[in-house]
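So that you can tell them apart, the chains are marked A, B, C and D in the order they are listed, and the count of residues begins at 1 in each.
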Amino acid sequence: MIPYNSIIVYVTPKKKRYIKKLTPGDVWHTNDGALAADAVAALEYGAIARTSLGMPVRVEEATLYDLLMGIKRKTQIIYPKDIAQICLRLGAGPDRTIVEAGCGSGSLTLALSWFCGPTGKVVSHDSREEFTRLARRNLDWAGLGANVVIHNRDVSAGFEAAGADALFLDMREPWLCLGQIPQAVRPGATLGFLLPTTPQVSALLDGLETGPFGEVEVCEILLRPWKPLADRLRPADRMTSHTGFLVFCRYQKKCPEFDSWLAPGTRERKQLAAALEKQAARSAG
Amino acid sequence: MIPYNSIIVYVTPKKKRYIKKLTPGDVWHTNDGALAADAVAALEYGAIARTSLGMPVRVEEATLYDLLMGIKRKTQIIYPKDIAQICLRLGAGPDRTIVEAGCGSGSLTLALSWFCGPTGKVVSHDSREEFTRLARRNLDWAGLGANVVIHNRDVSAGFEAAGADALFLDMREPWLCLGQIPQAVRPGATLGFLLPTTPQVSALLDGLETGPFGEVEVCEILLRPWKPLADRLRPADRMTSHTGFLVFCRYQKKCPEFDSWLAPGTRERKQLAAALEKQAARSAG
Amino acid sequence: MIPYNSIIVYVTPKKKRYIKKLTPGDVWHTNDGALAADAVAALEYGAIARTSLGMPVRVEEATLYDLLMGIKRKTQIIYPKDIAQICLRLGAGPDRTIVEAGCGSGSLTLALSWFCGPTGKVVSHDSREEFTRLARRNLDWAGLGANVVIHNRDVSAGFEAAGADALFLDMREPWLCLGQIPQAVRPGATLGFLLPTTPQVSALLDGLETGPFGEVEVCEILLRPWKPLADRLRPADRMTSHTGFLVFCRYQKKCPEFDSWLAPGTRERKQLAAALEKQAARSAG
Amino acid sequence: MIPYNSIIVYVTPKKKRYIKKLTPGDVWHTNDGALAADAVAALEYGAIARTSLGMPVRVEEATLYDLLMGIKRKTQIIYPKDIAQICLRLGAGPDRTIVEAGCGSGSLTLALSWFCGPTGKVVSHDSREEFTRLARRNLDWAGLGANVVIHNRDVSAGFEAAGADALFLDMREPWLCLGQIPQAVRPGATLGFLLPTTPQVSALLDGLETGPFGEVEVCEILLRPWKPLADRLRPADRMTSHTGFLVFCRYQKKCPEFDSWLAPGTRERKQLAAALEKQAARSAG
């Protein structure tokens, strides 16, 4: 009942999780016996398989979350808590075109591919060929990526996209690429950035200040896990405290007058009010 | 250039945000002059419009985030930070069927509709007709909802769904509906819950313990906003501290032997080790 | 220059910290050579000592924080971040009498002893003799405790104190001891509690509701460490997410009328306002 | 029973809190009647007083926490959550001498005075006379400050202290004063800093790097309040997200060799191991 080529999570009684592709004829060898893929394929998700030595193994479908945590990594990946927020803020989804650089190991790429689906499009870039290959390999492994093109390219020389709906940069010095953004996205597009340190955030904010960008927001997403114990409910002892700062903004021209505008008569009314106050103070003194 | 019936965010120089549908012939009246929809339609997103009194107004596209924050509310809505995490954990997306109850004002419904797109499906429920109507109205307003059916139904009597990929409950006593879940979802499906208080979380964990559910996780998502000032970068003074606890699990049969299983010979080896230790202690004493 | 019997922290080039009492004639043996206490005593705090193999060792004074983290533990200790908040809320300090139960390993006892000094007093209790002895040993080791008495006593049968300024309970079921508090503290005294789980907090709140207690507050203290790197400033990757919930309140009689009181004429004014509104609605209709 | 000149908190049925000194003959006038200090003096803490119009008023002792929140402010004060951590890390207490600059409105000064008591000493500085006067007035009001001297002085020209146990700086550019610290404190002393923004933290870390300082730590303290409701226990909706970053370190000479030291033979052993590995690789290739 489980289709071949699905990604499976095997969970052992010791709660260890192994993520594997279900390939016809494969056998998974553990210290506690072997498990044949063909036997697993006859089960349904959530069922218990048995190794040759009788160990029960829970057979779970790899969810999007499992895929994101299960890809091969040669870089720090973007974590699901941040990916979730990024995908929502960028409006990933059917019919949308999202640009990304650099792809790194491809965790965000994978999620964008998932959400955009066959009618959407993901245009990814990385200047290091090692990573464009790794990201593609991870997409293939996950059975995703048909809507993704990955360019081996340094985006400080330009993106391989035009008129995109949104754009995300996960790179050390994204401020060096800001000048290339207008050619890549449509007016009003949402832009996102992930940066691990505060001096980087300051440098990016400085860069955004001088370009056609507005509605700048900075935030952190914290996921606090709890122990799922009804009678002794409480937060877990430790948690991830930091992965990175998220910056979001929109591509839109600066309008100096916008920030300084006063309604007609406002200045005059204010001057009048001030004069009246002075007068009142004088007659009271 | 901006299509009629788009949802627009108008931003004033005072940073007030007004979310409105761009309807042919409409005029938006402000204290600082009127703005005709037909004039706005000729602009592109991110441009500056002018009211009749000369006030500059930034014309922004309503993003998914803006839509979620802009719907009409008669209940506490689910917040984007939680919606993002829920949609990722449930694997919302093309080709997926997601079940939900209660829909409330429809904020999660809207995001599920966005992510699932024309090839996915959202089956929503609420026992209060007032809310099924409100959620539909909000979907219509946002130009979404073609993939959504909303049932006016108390799901403690069963869901209007079968074989769904995932299911989410945002209700006061979700433990009363757990028995109906197996009929609604496929084996291995991811289930999610939002609960504001810890006694509710404990009650739900108790309920999950007695049914065919596993891989239970509890967490909170915190979004900490920062002030976007390069030279004086720092967190905002105040933040939302709590919206709700998120609980995720999978629909899968309990397997008592799974948790208690020991590899063949483990017990024997442990007994032997203990006996040897005792003997060593005795000869040392 | 460093007085004998001081508590010293030795820091090695690998950043390992060893906390030790400076005892005349002692020698500290490490894998990288020996260090004589008498040589250390000739230094000043912050200086570098050398082992017999030439390893440089930073000689630091054990601060209050180091003492709290360095005591022998047979229980979960209360952490400095919580101790700091507790001592401030209880108003530990000269001339104050603070009651505590159970003392556990004595970390809070130690801090209370420090802050209250020779003119203050700490009255501690634990029902397990093992812990009264351990706490005393830790106080002796730290060179503190002259102002502390520790009773081997189950406080559900009463405290060995009367008229104290404040009281703190770190025990599994503090609600069982609430009836003994009035005999132990003076009217208006601040009471504090530490509890690891939410069901315990709920049970305590229920207990406080039925007794002479008011101004109840519940909070958590989170300490988020940052990496001290000027150029790559950012939060540490992981942090302690949870130690316990702190509950504070005051010993003061309930006054049912207090919560329900309305200023004379308030009800009448409200009735009049409602009547007028109705009338206005009718004439408008 | 309540001594005159005590600081009292009056709590009204609407939960408003008013902090006042109990002065003989005084009358406190409210919209709901007057309350004579002499009547309050006859009560005990926690009791209910009555205004002339019958409003019940809870009479509470001002705790250290109430004093800290109740002082007159002309600056951003340091908050109790941070003060608690600072006092613990600096080891405020009897017999200790703590140096501080600038005092601002005097909230930390007040807490240091409380914890250090008659046998300790607080030496405070501020370059603005307005604040030295305000801090003293707040100390007087609170009945504290006998152990405090406040200097109207810019500490970039030196502190009015020598050999202190610990030192705290709450100023915009503390890095300009680092050179003066060695004259003010004893070797090994703990130093603390409060800074609102990350560029300031980076600048301070740079400054500490070039001077005789070590064991640098950076952290934030977060206090998350919960709603004290047994049946609906949960965090409060909103919280203070940021007050400032705390930096702690010790005054101790840098020792370049300390950080780079290798045990005798370590380098040689490492070189040997590397050579052996190379050889093995070669013969395997």
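As a convention for this text, a residue touches a chain if its C-beta (ideal position, glycine included) is under 8 Å from a C-beta of that chain, and two chains touch if they have at least 3 such contacts.
Keep in mind it's a predicted model, so treat the numbers as computed, not measured.
Undergrad: Comparing the two chain pairs, does B-D have more C-beta contacts than B-C, or is it the other way round?
TA: More contacting C-beta pairs are found at B-D.
Undergrad: Return the distance between the CA-based centres of subunit C and subunit D, expressed in whole Å.
TA: Computed from C-alpha means, the inter-chain centre distance equals 16 Å.
Undergrad: Nearest whole angstrom, what separates the Cα centre of subunit B from the Cα centre of subunit D?
TA: About 40 Å, centre to centre.
Undergrad: On subunit A, where are the residues touching two or more other chains?
TA: Residues 198-199, 201-202, 224-225, 231, 233 of subunit A touch two or more partner chains.
Undergrad: Mapping chain-to-chain touches, which pattern fits: line, ring, star, complete or other?
TA: Looks like everything touches everything, fully connected.
Undergrad: Give the list of subunit B residues in touch with subunit C in this complex.
TA: Going through subunit B, the ones touching subunit C are 198-199, 201-202.
Undergrad: Note which residues of subunit A are touching subunit B in the complex, please.
TA: Interface residues on subunit A, with respect to subunit B: 11, 13, 31-32, 44-48, 53-56, 58, 60-61, 63-65, 80-81, 83-85, 87-89, 91-95, 111, 114-115, 117-119, 186-188, 190, 198, 201-203, 205-206, 209, 214-231, 233, 245, 247, 250-253, 255, 257-261, 263-264.
Undergrad: Give every residue of subunit C touching subunit A within the complex, in rising order.
TA: Contact set of subunit C toward subunit A: 196-199, 224-225, 231-242.
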